[in-house]
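Two complexes are shown next, each including chain A; its partner changes from chain B in the first to chain C in the second.
Moving on, here comes the complex of A and B:
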């Protein structure tokens, strides 16, 4: 495209300087504090952080909820995506629009809706009491279930979009051919659909998992201080204790977990193929 | 000669105008109701002093961090904070002792507001009582210990330990449970044992109001400043008068060390603490007055922490005790309650 490499680099330079000066440098300075103790480089901060039972619980809870949200998103996402790609063009557009619509609404509004739905007088508890499953309303708010549902609703559209894109590239006759050859639906999925859509799954899984790890509003509103996650703990350390070192440690852990998830998913997908 | 005179007069006028514009007071305040405070306090004062008030807001941690970071060359001249946050700044040597002869209204303040953290490092400008708000149609609250009783099981919220109301609740719960000692160990452990019966540990009174209006919570400790959120609501909320009494706290005003703007800061403090301004602020239900000469109607008083009898009866927690023990409380809380 360019006559020489220098021209290309020159055009990329402003964006590179912008990113380096306003993102990489400040983030680097902030995170570097997490590797220092009394001015010298050390991992002691991480050892201290990991040794506290509360931090262990919060770390495992964050990992568990991120994994569960990604897993359930993938299961529901595949079913949705399969339906969407088999619709005719007009209906496909409408359904796809409905999937994308929640992404255009503020996460705060979406999360507050869950407070109404999951509350003692909300429709879920009305249904539970109405069906005789419980004599009194059960507590759903400020539980891991509430945070899980909030995160699932928040990020599942990203998984569906990724899987729809991947499935659109699936050869039209691949599934019918497998069925004609006697494959059961589970075999069709594991032997045909999954290998051919793995890139979409890796992309969607990474987006959903990292999104769940780093979302703040939903765990803060639906979990509160009873269901602390790493991101709400980070906020607490900065805003309550002015403890930027712990915040830097948590931020580093979240970044490593995000990259780790992406690498792991890519490895799994390449191992399958 | 005429031209010379006109020129020098013009120059003098310009210099005077520039000086008035340069007269600037930077204050650090709570984010709460700033539009109302602007009309009731800042705008009238700006007219009197011919100066500009620069308002900085944020949570206490941010505001304290900024004062500490700029200690050598203070940006903030005057600030308002909780008494224990003010004491924390004073212990770091960031505040200057106040010359109360420059604050004539100081003599009219309730005694506990005149020198709340010692060495005249701050003066109180507002009180708040903390008690339990509850649904009187569903439950009766007679004691702080009722918060951990079966009658509110699964329908009670407590303030988080990291907020201002958290330690106050521990203080009164300890009193009700007969637990001695400022480390609150037994009380935190008792809350830990009942943690599954507690809906949440709220951070903001607005969050609690929402949960109570949604019938999720029927009893919780809260500051009187939030009472207006409940008093006109569709449910019969009541302000408890527990047998152990009410607790509460005080917000104070302070001056940063070596800010170089002391005269204007004293003028502003005096204006804020004056009977006239404190009455105006009280009538707008923005703050409960610390000036004992303030008189408000019964209707206004209902929303405030008002009157010497009530203020003197508050079981306040010592500011020094809060600072000295807070880390220990949070560690124990994290271990037993939110773990």
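Moving on, here comes the complex of A and C:
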């Protein structure tokens, strides 16, 4: 540890000043804008925003999709992580690599696949028409289901990674021991696995939840203007209506939710130690 | 224990869901028809070739490359000293500085882009390219600091202290002792930054202007007007590029340790 404070500051400050000037300051002004009506401080903007039915629908839909994506990735993630941890070293590395890989690929590319799958001439519609379940293709794109599937595919790897690293710390014989002592699988899960991997679940859940709330590409491509989420609503308000007050309000909501989830995460993981 | 078969099926299904769509994109890009279709209607490479002929794709690819390479280099030039200071010096408000530098990760990109546009780019009349460059640098900076910090924390500090005691200057010790030891961390930070910046959409959404667009944004607007398989072909090529980068990085750096 070097003691020369001035030297340390000289090294650290450029990065901090750059971020503060280019990031904190503009974002701060944007957020404060939402609390002003005709130049004076007021919450009127929020009241007007909350009273519009469309905004309510979009807000609730964003929350709902965030929760659903986090929940379903947790369920699949536990099953998958449990299987991965029990693989031998070589296979584990490979499977883990394949799960991480999509995270490095352009989200536009990842989301575009769903257009091919769910579109009017996509595989699912071909199968539906081919099997005679429907005369004409059904609309699968621009539905909540499409957005849900896209988000799930986008963010599930984050949950699996968190759960795998949590489960690697699980004592190897904890599960067999519980089984030998007569616990059913459900009991093993709720009394042994869940409490010991809580941190991983919370971390994965936060990443998936905040990721889904703040995703832009997926709702834009798969939801369009029929299934707006907060981010796409923000974009629309600015681009179509030049409505910066709504934009500031949505920004505040998104930031409060992201920060809230992050603070909750720190609380829960520090409560243990 | 679960039987191997159940376990294989669960892993197989999950991987199909996560990776299967890429194979569908590759195939859809090969379709000979004029509209996006799967299974492909006949096979052709024309869409894969067309991608290179569309001028806006070429321009936006060049811009995205420029931003990803130079934005990440700029972020490393700010981030490496900051990471070094945060891990080796006792500095006043160290925690605050850490939080400030990490903040761009938590705030949604679309908000960053909008705020920059309204309160910095328009008032100071920056060019679009400069604005995008600054935004991408700010976006990558937290990753650079995080990855480099973790390699610095794994490096014992007594070596450089020894170098300084033996008469090396502090800067000399950094370049001769520290940097060679954290090389692969810096390279991993570069790759992570490059990929993050290249794939970035929300930050650039508002900042992109007429004729100056990053590749993902250009793809988004192209697919709004056209429904031919060229976006599928381009997506497949981009996915392939990422796979190669990650594979090489993993082989030579053990990249996954840093992510």
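Everything below uses one rule, namely that the second predicted complex is superposed on the first by the 235 of 273 C-alpha atoms of A that agree within 3 Å, B and C clash if a C-alpha of one lies under 4 Å from a C-alpha of the other, contacts with A are read in each partner's own complex, and residues count from 1 in each chain.
Throughout what follows, contacts are C-beta pairs under 8 Å (C-beta built on N, C-alpha and C of every residue); 3 or more make two chains touch, one makes a residue touch a chain.
Fair warning: this is a prediction, and the values are worked out from it, not measured in the lab.
In the superposition on chain A, contact is made by A:240 with chain B only, not with chain C. Of the two partner chains placed by the overlay, only chain C lies in contact with A:108; chain B stays clear of it.
Shared-chain residue A:142: touches chain B; no touch with chain C. Ranked by how many residues of chain A each touches, chain B and chain C are led by C. Looking at the shared chain after the overlay, A:181 reaches neither chain B nor chain C.
Look at A:80: by the touch rule set out above, it reaches chain C but stays clear of chain B. In the superposed model, A:121 makes contact with both chain B and chain C. Residue contacts after overlaying the shared chain place A:226 against chain B, while chain C stays out of touching range. Look at A:57: by the touch rule set out above, it reaches chain B but stays clear of chain C.
Contacts of chain A with chain B, set against its contacts with chain C after fitting on chain A, overlap at residues 115-116, 119, 121, 238.
Per the touch definition, chain A reaches chain B in the complex via residues 52-54, 57, 115-116, 119-121, 139, 141-142, 224-226, 228, 236, 238-242. If you check the complex, the residues on chain A that touch chain C are 1-5, 7-16, 18-20, 22-27, 29-30, 76, 79-80, 82-84, 86-87, 95-110, 112-117, 119, 121-123, 152-153, 156-157, 160, 175-176, 210, 213-214, 216-217, 220-221, 231, 234-235, 238, 244, 247, 251, 254-255, 258-259, 262. For chain B in complex with chain A, the touching residues are 59, 61-62, 64-65, 154, 160, 162, 195, 198-203, 210, 214-216, 330, 334-335, 338-339.
Here chain C touches chain A in the complex through residues 1-2, 6-8, 10-11, 14-15, 17-19, 21-22, 24-25, 28, 35-39, 78-79, 81-82, 84-86, 88-92, 94, 97, 100-101, 103-104, 106-112, 114-116, 118-120, 134-135, 137-138, 141, 145, 157, 170, 195, 198-199, 201-202, 205-206, 216, 219-220, 223, 231-232, 234-236, 238-239, 242-243, 245-246, 250, 256, 259, going by the rule given at the top.
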